[in-house]
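Chain nomenclature is as follows: A, B, C, D and E, assigned in order of appearance, with residue numbering initiated at 1 for each chain independently.
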Amino acid sequence: MERRSFFKILSSVSAGVAASSCSNKTDTLIPLLVSNTEIVPGEEQWHPSVCSECSAGCGVIVRVMEGERTVERQGHKFRERIAAIKKIEGNPLDPVSGGRLCARGQSAVQSLYHPDRVTAPMRRKGTRGTAEFVPVSWDEAIDAVSRSLNIQQSADPGKILFLTRPESGSRSATIQNFLSALNAPPPLTCSLASFAVERKASEVVFGWRGVPVYNLARARYVLGVGADFLGGWVSPVYYARQFGEFRRGRPGVRGRFIQAESRMSLTAASADEWLPLLPGSEPEFLTAVTRLLLDARLARDPEQLPPAVLNSIKSADVASLARICGLNVNRLERITRDLGESDAPLVISGASSPNTNSLHAVAAAHYLNALLGNIGRPGGILAPNQDLSPLPLVGSVSEKLKASNFLLLDYQNPVYSLPAAAGARETLSQLEMIVSFSPFIDDSSAYADWILPDHHALETAQAVVPAVAPGSAITVGLPFIRPLYDTRALDQTLVAIAHKMGKSLEPVTPERYVKSLLPPDQTWDQVACRGGLWQEAPKPVGNEVPRVAEAQAAHSEIAVSPDLARFPFYFQPYLSLQFHDGSGANLPWMQELPDPVSSAMWNIPVEIDPQSAARLDIRTGDWVRVQSPYSSFEAPAYVYPAAIPGVVSMAIGDGHQHYGRYASGRGANPIEILAPVLEPSTGTLALGGTRVQIARLDRAPAGFVQFSPRDREQGPWGYR
Amino acid sequence: MAIDLDRCTGCQACVAACHAENNLPLSDPESAAKGRAFHWIRVDRYYEGEFPSIRVKHMPVLCQQCDEAPCEPVCPVYATYRNDEGLNVQVYNRCVGTRYCANNCPYSVRFFNWFDPVWPEPLPLQHNPDVSIRMTGVMEKCTFCIQRIQRAERDAASEHRQVADGEIQPACVQSCPAEAMTFGDLNDPESKVSRLAASGRATRLLEELGTKSKVFYLERSE
Amino acid sequence: MLRTDPWSEGLPKRCARITALFLLHAALSLAAVNQPVQFPHNTHMKLGLACVDCHTGADIRAAAGIPSVTKCMLCHAKLATNKPEVKKVIQYAQKGEEIPWRRVYGFSSDAHVKFRHAPHFEANISCATCHGEMSQETVAVRSIDFTMGTCLTCHRQRKASQDCAACHY
Amino acid sequence: MYLRGDFENDHSAAHALRQLRAVGFTPADIDVFSDEPIEFPKGVLPRPSRMSLTVVTGAVSFMLLAVGFVYYTQHNYPLVTGGMPLFSFWATGVIFYELTMLGAILTTLVCFLWESGLLRRSRRPVPIIEPGIICIRIGCLPDQADEARRALERAGARNIARMEVAE
Amino acid sequence: MAAVPEVIPYPEVRRDLWRPLERTGRSYSIWVIILLAIALWGLSCWGYQLYRGIGVAGIRRPVFWGFYLVDFVFWIGISHAGTLISAILRLTDANWRKPVTRAAEAITVFALMIGGLFPIIHLGRAWVFYWLIPYPNSRLLWPNFRSPLLWDLTAITTYLTGSTIYLFLPLIPDVAQLAEHASGWRRALYRKLSLGWTGSDREWHALERAMKLMAAIILAVAISVHTVVAWDFSMAIAPMWHSTIFGPYFVVGAIFSGIAALLLVMSIIRKTLHFERYLTPHHFNNLAKLLLLMSLLWLYFTVAENLTVWYGNEPKEMAVFGDRIRGHFAPYFWIMVVCNFVVPFVLLGIRRLRNIRTATIASITVLVGMWLERYIIIVPTLSMPRLAAAWGSYSPSWVEISITGATFAVMALLYLLFSKLFPLVSVWEFEPHPAEQD
């Protein structure tokens, strides 16, 4: 069903719902004074907005009803009735979410009402990193920040570094305008969820900007390689919806799905067959499959490929490639045959944990798709939602950090998302000035001199371009509740700073952002009421397949710590659905959501295969030390029956020093011990590729909680 | 309700949706370690076979709303019973907390309030006013989002019409990205859920116990 | 988090709550005296006003609602402005504040009751059934004690649902 | 008036009782007091009892009451049970059984109190007896007293005395 | 077999048996104070639990029932000591019972009081326990008579009523005698309790008849009570609970633990109150033989229960079975077997070893074993429900342990107080009957 009814009760575009100002002592009940003009007790309103928990940009609708909060006014505690957000659901009109929403998106309401939000602008009190701040007034904060920014700008604007989220939309447009007004370099991102490799590959191979769209729903045989698209990859809600369609959405047709991945991810778990690839062997695997496809004469359009690529594939030796992947050639042959013979084959490839050769892998998958003739076709790869404004760049953040003087942090946490070896902590404590816009004091904001807290996404106006959408899409969210605290939207803050510095800066409002793209038959009000501007994908054009270009040959060397004897395990941190790049860790719902793999709650374990665990005398719940050549951490172990022997994985999320009461000091940060090695073409941190050693600690097996400790359906006493 | 295990990806969107809708108490590491975390719907995961031919089975389990529910007759005070619509109702204010029902639930989907739940300010702003905040000492469980059912029925009644198939969606069903869950009236043979339940793929969890549960699992067959 | 202050909950609180229930009747009639404005219901009803004119939610919504001070000012901007009680209302309106009325009716949270006015209104149950004959009273006092017996008796008589889940969920 | 005769063992007491019965005293006139229960041969001092029958009656009536009560309560608030029977005989069988037994127990207690005479506080005099002594008390009209006294003597009573009604 | 007991003159019997009532030693006061302290500690633990919520106990999902229910079943089991044994012996006219019955019946009443408390202690909202009682209320809501918990309630109520009466009736003559000899408040108390007992033959007749009837009734009730307690479990469809054998199994276990408790109490009484002449090796010998018999019966039922499960090989039951026999609960299980079977069998089965001391040792191990048996029955099943994903573990909290410990103290305390008020061996029944000695 569609939530048609929400049209009736949509917010008017401009008016937020005002909060009532009735007041009384806490100990007496307050009558429901708010009436027709305001929020009605027991009555719900639904307002469209956009989810900002990840860059997928799902359109959401938000349920608003009356709520009660305690405020202090003139020394007295009052209970105040305000319009409060009760629930977030997907916007049924939005082509990305289609009315659905992932666990993380639904928890956004907890970050809004998080008890540890920054409630007012703050100035650093203690030394950097201690997270001691004193609240100040906005005027004071903006004065001070703009003064020192002015000094920096006139000295060397190139040393201003703005770190922001890897998303494009009105907000990032404002940031870019701000930086260009300052003659500062464009913003960077250090998020682990930037998917720069996928973007780069599609740019190199197809000349597209953005992550290509896989039309899973209409494919019949899908080979996934390295992309955990049902888990923490690009747009989980969109692909989960597509997956449902793919499986059982078409009468009589059930899509068949093979996943080749170095970890049994959520995606691999949903596959009909999982090919356990050795980490970093995705290019080899794809080359082997391509070669077999060519050999079986199942390639539909070999001429598509650049000759150099074709030649290199033809010269590949399947047997040795298969050995590198750790797979059986017969199995590869069978899968290749099925893939080639299918009506609508599709290869979905990505780098859930990027390796140094990931670009090569994704490009190889694009070539394979080209051979299968599904570029731009239904059930194939579709052109991406073209980025309407440039995304923040990715690349060697740690070096740029070192080279800069003035750092502005917009929900970015370099201390957390860079390896310890990259020295972010040291750099941050030496920087001249750090300003954070984050509404939470996270590991990096703890180093900030000033915190100018941003509104929560649900309190602010923004237009977001979803990372993946069929056709062109902009999702719009407008505020409909009063900000809970004395916070300010980032664009207002930036404009205020710019004005103080004597620069003219106009914020890019969602209205401005959308208006230039409005088709003649739609108005801004319509867009605002619907929650976005969505247009059908341009029809795939017959034979006009995009140019397939040759990717630079990327090297296949993945082991960056070659001391195999000392560091026998391959370590691969991954983006989980709950914590994503680690930013979900402060939400109690996410912490208590059992991990899909280990069922762990409140503490992320290290996944280790049963064989190695037996060898090292490790049992589930034991604490282990994971040691890389650079650093080490301690975490509980989970003996994962589906882990590839010798491959140790861990979800990113825990290990924050500062991130609110639910995340601070909890668990370990797997990124910390990584080698500071980047994927060469994009500068993305290579999550995979670090080797580690593991040892059991003689600590009491406490602190590891599983919701369902048992992972086999049968008891251990099956038969006698 | 019908749950298509072939569509289910185990993403647990349903779990979060349930928490948001039904004011489930927050756990903390200590209480979670004591087995006192609340998940009215949970995604059971089982591994089958050994590496490399290992498979994962994800199975959302919520109150099965049995027609012949083992939890009902054992309650000494009628705090749980089956109403006319076939829902297993838990009446919080009648419950005295014997926890017998929870022992007798073969699906282990009943949860007990060991303490009064506490949320730090301002998290209570998120509470759904349509759903009670349960106090200490009472049992609770999935209600199939009875507040949504009642709302839809009231809306339909005031508009003098029948509730349409698919109009009522519990929070978990509403949130499921893969649309693995279908909710509807099993008494209506034309409803989508009835058709799914009648399809060959449908089984019920622990059917051998004869609980006549009303959640049908569509097998993940090829 | 869940680790609560042990002294803030528990039996004494509950005992207090039960005691409070017993004292509710008396306390609430006292509350009437404590209302910030001595609103005379009878005077207004004599003027021909109906309940739902001010309590606008009673017929269509869950909550009957208490009118905002702006609603009072619709009339009292001009009418009877010299009366002392009306002056109070005007003062509130001028300050832009709502009148902090004290609650007269309601259920304790332990009762887990989800009461909606609208279905009762649709069933042609007069307001006086539960709220007393307000045309005879001035300041609202709790004239009828709501126990489950009260609700059930009426539900039985009118053959309304006796399903627990009709009200408790 | 009442007479008492003390005996040292139950043989002589039984003898005395036979003598008394022979001269026309009925068991209702006679009471035997002792520190411990004494068994007399059959027919010496018959004490007919309807205790067993009463207890059975009490038990049955309690069961009926229980059935009625359960039936009444379950129909008194006809809870919505979605098709389950409101009143289930077998499932409540244990209740009936227990209440039947409770009935039996209570009737036994009542019967005991009744038959033992503890409920009917009489104003008859109670002899104070030494340990091991069996005392026979005869309620008789003044003109029968001599006959009774003789009967007691014949049986070898250690001590025969007249007892006064306590005020 | 036993030698003909000496015939003790009646005044001496009275003096001996009444002595504890008259003289209070120092150790008695010390014990009362210690036990009272433990009991008060338990009470304050319960208060704390009411105050904070039942969560202070260690119970958790899926083990929703823990120590409290174990204690409940255990104490109800102990309560069978008395009544059942004395009823059986009374019905079979076993004369050696006479010095034993009072002690046994007192155990019954106190153990029942304690056992009956546990379902209330374990309630999530103990302050509304009266909702289980059918009383007319404004809502006209009645309890659900189909629930085994309500069966429990009626059964325990009946049993408590019955066993109190059963204890009280034969106490009347003793009390009447005491009333003559006591003074002060004791006299008033005994007067009241004696109901005006005169010692007439009508009273004796009525008493004897009533006792015969009561013995029969109480026997039926006692068996039903523990059957119903067993049905609390076997009515549930949890693996290894849903068993037809549970009724008799629990009854046997109850009698077993009851005899053990009786033996223990008797040997303590014998030692501390110097009742050597009244509680003779003869009594201990007989009871020990009974204990041995029950041990064998218990073994039979245990084997029957487990063998069928093992042979049936139903996976959900095998999980519980395996964990009991070989897994996490195996230590408890095997300790239980040793305590309940091996020790009594060796100590009591070998005639040369059978004496008061060994009988006492065996009864202690049996009590431990039977407590473990209840634990083994309740906890493994709950921690391994049908869906493996919900499996969990259980460990008691200090609150549960405190309350459990306190109930033992309460039992001892009640017994101490009882021994101060009433003779622990029935005086009128103990009169020497040389003709009837066996």
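Operating definition for what follows: contacts are C-beta pairs under 8 Å (C-beta built on N, C-alpha and C of every residue); 3 or more make two chains touch, one makes a residue touch a chain.
Please read these numbers as outputs of a predicted model, since none were measured by experiment.
Taking the CA centroid of subunit B as reference, the farthest chain centroid is that of D.
Judged by contacting C-beta pairs, the busier of the interfaces A-B and B-C is A-B. Closest chain to the protein centre (all Cα atoms averaged), using per-chain Cα means: B. Centroid analysis (C-alpha atoms only) places A farthest from subunit E. Between subunit A and subunit E the centroid-to-centroid distance comes to 63 Å (mean Cα coordinates, whole Å). The mean-CA centres of subunit B and subunit E are about 42 angstrom from one another, to the nearest whole unit. As a whole-number value, the distance joining the C-alpha centres of subunit A and subunit D reads 89 Å.
In subunit D, the positions touching at least two other chains are 77, 79-80, 91.
Counting partners per residue, subunit A has 41-42, 588, 599, 661, 708, 712-713 as the residues that reach two or more other chains. Shared interface positions of subunit E, i.e. residues touching 2 or more other chains, are given as 52-53, 139-141, 143, 146, 148, 150, 388-390, 392. Touching subunit E in their complex are the following residues of subunit B: 31, 34-36, 42, 44-46, 61, 70, 73-78, 94-100, 102-108, 111-116, 136-139, 205-206, 209. Subunit A contributes residues 20-24, 28-38, 40-43, 588, 661-662 to its touches with subunit C in the complex. Residues of subunit B that touch subunit D in their complex: 67, 72-73, 78, 81-86. The touching residues of subunit A, counted against subunit B in their complex, run 1, 41-42, 65-70, 82, 84-90, 97-104, 106-107, 109-110, 112-115, 230-231, 236-237, 240-241, 243-245, 247-249, 254, 256, 264, 266-270, 272, 274, 276, 484, 577-578, 588-590, 592-594, 596-597, 599, 601-603, 609-610, 641-645, 661, 666, 702-703, 705, 707-708, 711-713. Per the touch definition, subunit B reaches subunit A in the complex via residues 4, 6-13, 15-17, 19-21, 26-29, 32-33, 37, 39, 42-48, 50-52, 54-58, 120-130, 164, 166-167, 169, 171, 174-180, 218, 222.
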